[in-house]
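In what follows, chain A forms one complex with chain B and a second complex with chain C.
Now for the complex of A and B:
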């Protein structure tokens, strides 16, 4: 059995035959996971300084030189790093007095933080599989992003109290701006909203839950939905980028809705996070600093949106990106700014970000070439070993060696 | 999905009984069920006036007779499949045959499953266990309705 670190579900029932590092046959691995396994031989990152290939030791000492003596360093990424590397990264941030941040600062960080603080009720995927009778996918399309989400946990499997599976025991509700592949499956449970219409939908649902006639949205459908949710025995809400981006930085309406639902019955929230160990980084930083992202270790611990990548790029003087590709995701002006910075990129594959870096340091792919530990998107710890031989260094060793050199 | 009427429209419609069946409609049913071959309709193959109909019928029947479709008529469009395994977990035969594996959302463990995800896409095995197999078939559609990308169809 092997593990898949292709997304944050960290599937653990994978069977794979290798011929050297080439994948011969896989079982139970989704298409995205298969792509992840096949990528072992495609476009790997090489150690380089200013575009010229060097050996790994030189790349590591050059990486330390880029960071040395800088006042305002940003350490960014960490979603595709093992827990040990994330911990080492936080130590490095403390040593350098730098800012550390991850993509959750512009995605679902607020939701994850509430979950970790215990202010939003949550549960594990196994609870969902065993007990959930209503699964809500809000601004979330796991069929595309996390292909086995519905089949492993949230809709199709039989569970302890859900022996009849999706046919009779479960209901899927999808709230999205388009008829996504997940919405396709939900059929009647699909609620199409206009872009940015989440706040109106929440308002209408709050009214329906309170027994009032909603002023916005389809009144009859909303009242039916309200009744359905009130009658649910164990509900799960899977949040996606759609919800986080639609409500901007103000998710209070959503938090009140979850609060209201929990007054009536039991509803848990599990954010659907992209990178395989985003939850791990959020948890590790939360344990160390009390916040999930955007933390400065300059004078003790400081936190605020000004330390998120979107704002901090204006004032920082060097960046180290670990296991992430922000250049591909950020808006063009920010991506341009990032590409022009003195930058160290640590990663497994060549990306737009590594192309713009002064120093690149390759690492092994976790779960395939190197072992480690990670947190699944619901917070369950998963430990994996290497399944193929490789000369690549584990991410934790790279971070520790940079830490020794600075 | 090809209907009997579509097949019937492309037959001579003379009820000549040369195929051994009483009507062309009966022949269309048998042809669709793969119990008769196109060549069993001798007038259609031999007489030049039916040339266009024959070409049309061969085109219509091509996916049904191709090696891609299983004996149940299932066609998996692998280029559309995500490998999500929804059909594997939802399939009632998999649930009954593999309660410790596919029934609870994991990969098959019993060797009796009829759908499994291999190399990132779904694959049909043990086809004789499918509810759509054989004469007593039930028109089960669990694998079709659970597919987010419409990668499975029956012909």
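Now for the complex of A and C:
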């Protein structure tokens, strides 16, 4: 069996036959996972300095030269890195006295940190499969982003206490601004809200849970939802980017709702995180520094939004990006700031970010070309081995060699 | 040519876009799955737009030409766009009151246009020209 590191579900039941690095036959891969496997032969990153190809040793020494002597370095990315590389990255940040951050600083970091602090109830996907009778997908469309979420864990499967699966034992509720593929599966369980309407929806649901008449157009439907959630034996809430962004990062109303639900019954929260090991980075940095992102090791440990990439690009003097493509994701004004920085990019494939880097260092694809460990988005640790031969270095070796050279 | 319209744009991720991204961000397939805007049928009609026609999206931060897709479901005043380098060109980078940088939602002026979809190479050039 092979693993898939195409998303943070880290599916562990993949059967695959390769001819070299070309996939000949697979079983259990989703469409996205197949793309991930097929990408072994597409647009691979090469070692380069200022756009000229070099050998890996020169790329590594040049990467160290970019970072040496800088006062305000940002180490960014890490969601597509193994746990060992993430730990090495944090050690590198300490050695350089630099800032380390990941995309959770502009996505679901607040929810993940609350989970890791034990202030937001959570559970594993295995608990969901075995016990959950209500699955809420909030601003979250796993049918597109994590395609086997519903089939392996949250809706379709039969579990220990849910032998009749989605037909009778499980209900899906989707709260979203768009009738997404997940919303189409939920059918009558789809609650369409207006953009930015999550706070009003939470207020109405809190009223319904408290037995009050909610101030919404369809009061009866909201009251029925409140009754359904009150009667749930084991509820799970899967959060997506849509929730955090609709609330503008002020998630207190959502946290209060989860608290209210847990006064009435049991509801757990699992953030649906994007990159395969986002949860791993958040956990590793939390264990080391007490925060999941935006940490400076300049003078001990310091944390705050000023150390998130959105703000720190204003003051940093060099960037190392590992396993991420912020140039493609960040708003144009920030992408332009990033493009003007001395930059090292470590990754598996050519991206907009690697194309703008002074030095590029290729690594192997985790779970396919190199082994390692990672945390699934529900926090369960998985270990995977390489399944194809490759000359690419593991990410941890690249980070350690840069650390030795600076 | 029919008039322009101010719309709220909400970004999302689609599975086919995710697949094409894995197979190369500089590919035609990734562009086709990313450089598009899903429009409400009524809004499209008011602008004289049909499926697969080109539209210019403009904000204070940037402008891109993408392909119009007319939705079957109604969502007047709201348009949906895959999150990608094309949508990123239209984002301001401002941080909201809650401390989170806005990536999911913005207002844009939508105008029917002609010519070609903005290429990813052009986007890269704009970023580097700063």
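By definition in this document, the second predicted complex is superposed on the first by the 405 of 406 C-alpha atoms of A that agree within 3 Å, B and C clash if a C-alpha of one lies under 4 Å from a C-alpha of the other, contacts with A are read in each partner's own complex, and residues count from 1 in each chain.
Simple rule for what comes next: contacts are C-beta pairs under 8 Å (C-beta built on N, C-alpha and C of every residue); 3 or more make two chains touch, one makes a residue touch a chain.
If you're wondering where the values come from, they're calculated on a predicted model, not measured in any experiment.
K.L.:
Applying the document's definition of touch, where does A:31 land relative to chain B and chain C: first, second, both, or neither?
P.N.:
In the superposed model, A:31 contacts both chain B and chain C.
K.L.:
Under the stated touch criterion, which partner chain does A:334 make contact with: chain B (first), chain C (second), both, or neither?
P.N.:
After superposition on chain A, A:334 lies in contact with chain C alone.
K.L.:
Touching A:219, do we find chain B (first), chain C (second), both, or neither?
P.N.:
neither
K.L.:
Does chain C touch more residues of chain A than chain B does, or is it the other way round?
P.N.:
Between chain B and chain C, the winner on chain A residue contacts is C.
K.L.:
Is A:178 touching anything from chain B or chain C once the two structures are fitted on A? First, second, both or neither.
P.N.:
It touches chain C, and chain B stays clear.
K.L.:
Which partner does A:244 contact after superposing on A: first (chain B), second (chain C), both, neither?
P.N.:
Only chain C is touched by A:244; chain B is not.
K.L.:
For A:305, decide between first (touching chain B), second (touching chain C), both and neither.
P.N.:
Touch status of A:305: second partner only.
K.L.:
Just checking: does A:352 make contact with chain B only, chain C only, both, or neither of them? Give me first, second, both or neither.
P.N.:
second
K.L.:
Now for A:143: first (chain B), second (chain C), both, or neither, which partner does it touch?
P.N.:
Both chain B and chain C are touched by A:143.
K.L.:
Determine, under the contact definition given at the top, whether A:70 touches first (chain B), second (chain C), both, or neither.
P.N.:
So A:70 meets neither chain B nor chain C here.
K.L.:
Which parts of chain A are touched by chain B and by chain C alike?
P.N.:
In the superposed arrangement, which is not itself an observed complex, chain A uses residues 31-32, 34-35, 143-144, 147, 181 for both chain B and chain C.
K.L.:
Which bits of chain A are touching chain C when the two form their complex?
P.N.:
Counting only chain A, the residues touching chain C are 6, 31-32, 34-36, 38-39, 42-43, 106-107, 141, 143-145, 147, 177-181, 194-196, 241-242, 244-251, 305, 310-311, 325, 327-337, 339-340, 349-352, 355-356.
K.L.:
Can you list the chain B residues touching chain A in their complex?
P.N.:
81-86, 88-90, 95, 99, 103-108, 116-121, 145-150
K.L.:
Per the contact definition, I'd like the list of chain C residues that touch chain A in the complex.
P.N.:
Residues 8, 10, 12-16, 18-26, 61-62, 73, 75, 78, 80, 83-85, 88-93, 95-105, 120, 123-124, 126-128, 130.
K.L.:
Show which residues of chain A lie in contact with chain B when the two form their complex.
P.N.:
Listed in rising order, the residues of chain A that touch chain B are 13-15, 25-35, 129, 143-144, 147-148, 150-153, 155-159, 165-166, 181-182, 184-185.
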